[in-house]
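The two complexes that follow have subunit A in common; it is paired with subunit B in the first and with subunit C in the second.
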Partner chain A sequence: MANNYTFTRKTQYWIMSIVGIGILLLIVGYFINTPSRQELWTNILINNLFFLFIALFGGVFQALHKIAYSGWHTALQRIPEALTSFLPIAAALMFLLYFGMHDLYHWSHEGLHDPILEGKAAYLNIPFFFIRMAVYFLGWIGLTYLLRKNSLQQDTISDLRYYRRGKFLAAIFMVFFALSSSAMSWDWIMSIDGHWFSTLFGWFVFIGLFEIGIATIILMISFLKIKGYLEFINKEHIHDMGKYLFAFSIFWMYLWFSQYLLIWYSHIPEETAYFAPRLHDFTILFFTILVLNFVIPFFGLMTRNSKRNLKWLTVMAIVVLCGQWLNIYMLVIPGTIGKTAQIGVVEIGFVCLYLGGFLYVVFSSLAKAPLLSKNDPLLEESFHYET
Partner chain B sequence: MRRYISAYFEDEGNLLRAAKDLKENNISIQDVLTPFPVHGLDSILGFKKSLIPTVGFISGAIGTMVAFGFQTWAFTVDYPLFIGGKPHFAIPSFIPITFELTVLFAAFGMVFAFLIRSKLGPGAKKTIHDERITDDHFVIIVDLDESGSQDGKVKDILSKEEAQDIKVKEIEL
Partner chain C sequence: MYVSPIREPLIRGQKTYKKITQDIAAPIEGKPGKAWYAGIALTGSALLFGLAMIGYTIWEGIGTWGLNKTIGWGWGITNFVWWIGIGHAGTFISAILLLFRQKWRTSINRSAEAMTLFAVICAGLFPLIHMGRPLLAFFVFPYPNTRGLWVNFNSPLLWDVFAISTYFTVSLLFWYVGLIPDIGTIRDRVKSKLKKWIYGLLSFGWTGSAKHWQRHESISLILAGLAAPLVLSVHSIVSMDFATSVIPGWHTTIFPPYFVSGAIFSGFAMVLTLLIITRKVLNLENYITVGHVESMNKIIIATGSIVGIAYLTELFMAWYSGVEYEQYAFMNRATGPYWWAYWIMMSCNVISPQLLWFKKLRRSLVFTFILSIFINIGMWFERFVIIVTSLHRDYLPSSWEMYKPTIVEVGIFIGTLGLFFTLFLLFIRVFPVIAIAEVKGVLKSSGEKNPKSDKN
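So, the complex of A and B:
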C-alpha cells in the first residue's frame, strides 16, 4: 500500500460540497431570519475556538509524547503534525475579531463606569488583547512549524540529532502552551462574562481541547483506515486512543463538577451569576452537554473491547465532538446573545463552512509527507508494543 | 507419581519464545512464574479474559448506591438538618462522597476478589517454587508423562532458548 496519502479528487469534491452546503445554509438562514451582527460574531468566535483547539492539539499531542519518552505514538505522528497546519488560518480568523470586539466583549466598550471592569482595565484593553493574541500565535505557529520541519528532516537523514532537537522543541512548546492556554481561555472565553472569574477555568478549557483533539485524531485514523492507509496502526494504538478519550472525558467531568460544586455551595451572587442563566435559560442544553461529554463516553468506553473497536470508537468520537462543540457554545452564548439564542440553520452553516475549510487544509498538508515517519529511534517500539 | 520439568530463564524474550514454541508443539504448559507481569504472555498461554473488571464494576456500582442511598436517608429521613441554606436532598453535595465510595468499593471488591480467587491473604501458606523467581528469573513448568517419552523434545525446545537451568523433578502423590 502506498506510503503517501493522496488527496483524491473525490475527497476534494466531498469537502467542497460541505463548504457548499455551509454557504447554502447561510444564505437560507439570511432569508429566513437575518442574523444580527452579534449572532454572526458569536458564531465566528465559537467555530474559531473549536477548530483552533483541534489544530493546537496537534502540537500538544506531539509535545506531550515526546517529552514523556513515549514510543507508541511515533507511527501516527504525521496526523497531529498535519492538524497543526491549520494554525496560521486560525490565527487570521482570530484576528478578524478586531472588527467584532464590541459585539462580543462587554469590557471593550468605552465609558462603562463599571468599577469591576475598570479595575481589570490594565489587562482587559483592546491593544493588549491583540498583543497577547499575537504572542500566543507566534509561539504556537513558530514551534509547531519547527517541530514539523524537524520531523520531515529526520525522514531524509538518519541522525539522533533530530530526535534530541524534537524533544527540546517539545519541551519549549509544552511550557509555552501551559502558560498560553490558560491565558487564552481567560482572554477569549472568560472575559465574555467580564465580572466573573474562576481559577480552574484554564484547565477546564484545556481538557475540552484535549477531548476535541483526541476525538479528531480518532476520526482521522478511522477515515484513513477506510481508505486503506495506515496498515501499521494496530489495535494497540486504537486502544490507547480509546483510553485517552475515556480518561479525559472523566477528567473533563471532574473539572466541570469541581467548578460547579464550589459555586453552588458558596452561593455568592457574583459567582452564581455565571451558572444561573446557563441552568435556567438553557436547561436542556446544560444537561445534554453532560450526557454527551461524560455519561455516553463513560459507559460506552468502559470495557476493553469497546476501546479496541475502531468503529465503536468512531461513534464515540463523534458524540464527544458534538458535546464539546456544544460546550464551547455554552461557554460563549449566555454572555453574549443570552436567552434568545438558538441553534439553527446559521449555526450549522458556519460549522459546515469551517469544517470544509479545515479538512481541506489538513488533508492537503497530510498529502505532502509520507504517512509514516522514518528514522525515529522509537519507531520500532511503536510497531511492537502491547498495552 | 507426577513428573515435571522446570526451566529457568534470565530474559523475558527467551521465556516468551520458549512458551510459544511449546504451544506450537502442542505441549501443555503447567505454569509460568515471573517476578513481574510479562506483556504478551497471557495471549500465548491462552488465558481466558479476567473477570476482575466485571467484579470492579459491580462492586463500584454497589458503592455508588450505598453512598447515595445512605446520604439520602441520613439527610432527609433520619436526621434532617439545615446546612448552609441548602435543601435536605442536595444532590451536588452528595456527589464527592458518592464518588469516593464508588472508588473505594471498586478497589476493595477487586482486591478481595483477587485474594479469594487466588487463595491469598494474611496467614495463607504458600510455597515458593524457587527463590529466584522473586528476583530476576522466569520459570516455565511443564508436566511430563510417566514414561518419559516427551522429555527429550521438551528439553530441546527449552535449551534452544537459552534456559539457564533445566530440572526434572518427581513427586509422589
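So, the complex of A and C:
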C-alpha cells in the first residue's frame, strides 16, 4: 500500500460539499431569521476556538510524547503534524475578532464606570489583548513549524541529531504552551464574563483541548484506515488512543466537578453568578454536556474490547467532539447572547464552513509528506509493543 | 517486545536471574551493619521523643500547642498534609506509571509503596491527636449508634476520613500482593526454621505455579485500576479541607489538581532522598541506576513546574479578581510577617527545581540529593504558608494574631520523622527493597547486554 496519502478529487469534492452546505445553511438562516452582529461574532469565536484547539493539540501531542521518550506514538507522528498546519489560518481568523470586540467583550467598551473592570484595565485592554494574541500565535506557529521541519529532515538523513533537536524543540513548546494555554483561556473565554474569575479555568479549558485533539486524531486514523492507508497502525495503537479518550474524559469531569463543587460549596455570590444562568437558563444543555463528555465515554469505553474496536471508538470520538463543542458553546454564550441563544441553522452552517476549510487545509498538508516518518530511533518500537 | 538500542539499560552489570535474586535478597540474609544500628538508634529516639510529646498532648490537652483563637490550625495540619503528600509518589509509581508502561518503575515501586504506607501512618496520627480526645476517634465513622448522632456528611473533614482510609487499604493490599512472590523467594532461601515458617505464613503458601501467577496478575491489575483514581482523589479531598471555605488564600478552585501535583512532587523528592542512600548502602546501584534518578528528576521538574504555574495563576487571579481580601492575602504572604516562609517556599519549590533542565545536574547524585532535601523543606513550607498566613490575618483586625509552635508540636513532628525512618529501616531488613519478580520481568528487554553474546 502507498505510503503517501493522495488527496483525491473525490475527497476534495466531499469537503467542498461540506463548505457548500455551510454556505447554503447560512443563506437560509439569513432569510429565516437574520442573525445579529453579536450572534455572528459569537459563532465565529466558538468555532475559532474549537478548530484552533484541534490544531494546537497537534503540537501538544508531538511535544508531550517526545519529552516523555515515548516510542509507540512515532508511527502516528504525521497526523498531529498535519493538524498544526491549520494554525496560521486559525491565527488569521482570531485576529478578525478586532472587528467584533465590542460584540463579544463587555470590558472593551469605553466609559463603563465599572470599578471592577477598571481594576482589570491594565490587563484587559484592546492593544494588550492583541499583543498577547500575537505572542501566543508566534510561539505556537513558530515552534510547530520547526518541529514539522525537523521531522521532515529526519526522513532524508538518518542522524540522531534530529531526534535530539526534536526533543529540545518539544521541551520549549511544552513550556510555552503551559504558560500560553492558561493565559489564552483567560483572554478569549473567561474575560467574556468580565467580573468572574476562577483559578482552575485555564486547566479546565486545556483538558477540553486534549479531549478534542485525541478525538480528532482517532477520527483521522479511522478515515485513513477506511481509505486503506496506515496499515502499520495496529490494534495496540488504537487501544492506546482509546485509553487516552477514556482517561481524559474522566479527568475532564474531575476538573469540571472540582470547579463547580468549590464554587457551589462556598456560595459566594460573585462566583456563583457564573453558574447560575448556565444552570437555570440552559438546564438541558448543562446536563447534556456532562453526559456527552463523561457518562457516555466512561461507560462506553470501560472494557478493553471497546477501546480496541476502531468503529466503536470512532462513534465515541464523535460523541466527545459534539460534547466538547457544546462545552465551548456553554463557556461563551451566557456571557454574550444570553438566554435567548439557540442552536439553529446558522450555528450548524458555521460549523460546516469551518469544518470544510479545516479538513481541506489538514488533508492537503497530510498529502505533502509520507504517512510514515523514517529514521526515528524509536520508530521500530512502535511496531512491536504490547499493552 | 522490541526496545530501541538508544534507550539506557535499566539493569546494569549483565545480570542473570539468579544473580538478581542474590543481590536483592542479600540485605535480608546478612547481618545489619553499624550504620544501620546507628540509624535506628537515632530514629528510634526521635520516635520516643515524639511519643512522649503525644502523650503529653493527650494528657494535658491541645492547649500545650501554640494555637490560638485566630490560628486554629498550625503545625499539626501542616504536617498532616505534608505526610499525605509524600505518600503520593508510591501510588503514582504503582498505578499511573504502570498505565503508561514505564518499565523503570519496577526498580523503585516496592520501596516507594512502602514509603506511602509509612507516610500515611504518620499523616493519620495528626488529625487523631488534633481531636484532643483520641479515644473518641471512632466517632468519625458513620454507623448507627446509641448516641443517636450521625457524622456530618457535608464536611470535607469527613470526606478525608473516607479518602484516606480507602487510600491506606488499597495501598496496603497492592503493596502486599506485590510482595507475595518475593516473600516466597525469601522463604525458600532463609536457613533458620523459624524464619522459614514465618515467611511461609506471610507468603500465603505461594508455590509459583502458573495458576498462582495468573491470579496474582489479575488481582494486581484490578488493584492498579483502583489505585489510579486514588492518586487524584486523596489530595483533592485534602485540598477541599481548605478550598470549600471562604477564607482568602484558601478558597480557590485550582486547589484540587494543584495539590495533587504538589503531592507527587514532594513524594518523588522523598523517594529520591531515601533511595539515593539506600542504593549505596545496600549495593543496589545496578538496579537503581543514574538513569532511574534522571527519570525521577524529570517527574520532579514536570510536577514542580505545574506547581509553579499554579502559584503564578493564584497570584494573577488574586490581582485580576479585584477582591480586596484576596489581594491582601497574597500581598501579606509575600511581604507580611511570614514573608520568610513564603520565600523559602518559592525558592525551594519553584526556582531550585528549574536547575534540573540541565542534563548534567539531573544525572548528578549529589545535586539530586541536596535538591530533594530542598524540595522536602519547600513543600512543608507550602502547607505552612497556606495554613498560617491565611489564618493569621482575620477579617477583624482586632483578631490579628501570630503563631509560634511550642516544643510539643515540634516534638511530635520530629517523632513522626522518627517513626517514618524507623519503619523504613525495619522494612529494608525484612522485605526485599526491590520487586524481584518485576525486575526479572524487564531483564530481557531492558537489561544491559553482554557485548560478547551480541556477536553470536
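Basically, the second predicted complex is superposed on the first by the 387 of 387 C-alpha atoms of A that agree within 3 Å, B and C clash if a C-alpha of one lies under 4 Å from a C-alpha of the other, contacts with A are read in each partner's own complex, and residues count from 1 in each chain.
Heads up, the rule we're going with is that a contact is a pair of C-beta atoms (placed from the backbone, for glycine too) under 8 Å apart; a residue touches a chain by one contact, two chains touch by 3 or more.
Everything numeric here is computed off the predicted structure, so don't read it as measured data.
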Should the superposition on subunit A be reported as showing a clash between subunit B and subunit C, or a fit?
-> clash
Hey, is it subunit B or subunit C that touches more of subunit A?
-> C
Which partner does A:152 reach: the first (subunit B), the second (subunit C), both, or neither?
-> neither
Could you say whether A:265 touches subunit B, subunit C, both of them, or neither, answering first, second, both or neither?
-> both
If you stack the two complexes on chain A, which partner ends up touching A:304: first (subunit B), second (subunit C), both, or neither?
-> first
Using the superposition on chain A described above, determine whether A:367 touches subunit B (first), subunit C (second), both, or neither.
-> neither
Identify the partner contact of A:112: answer first if only subunit B is touched, second if only subunit C is, both if each is, neither if none is.
-> neither
Common interface positions of subunit A, toward subunit B and toward subunit C | 261, 265, 385-386
Subunit A - residues contacting subunit B, complex = 257, 260-261, 264-265, 267, 302-304, 385-386
Subunit A residues touching subunit C in their complex are 67-69, 71, 115-116, 119-120, 123, 160, 163, 171, 175, 178-179, 182, 186, 195, 197-203, 243, 247, 250, 254-255, 258-259, 261-263, 265-266, 268, 270, 377-378, 380-381, 383-387
Given the complex with subunit A, which residues does subunit C contribute to the contact?
-> 1-7, 99-101, 229, 232, 236, 240, 243-246, 251-257, 298, 305-306, 309-310, 313-314, 317, 320-323, 357
Taking the complex as given, what residues does subunit B use to touch subunit A?
-> 39-40, 49, 53, 57, 84-86, 92-93, 95-96
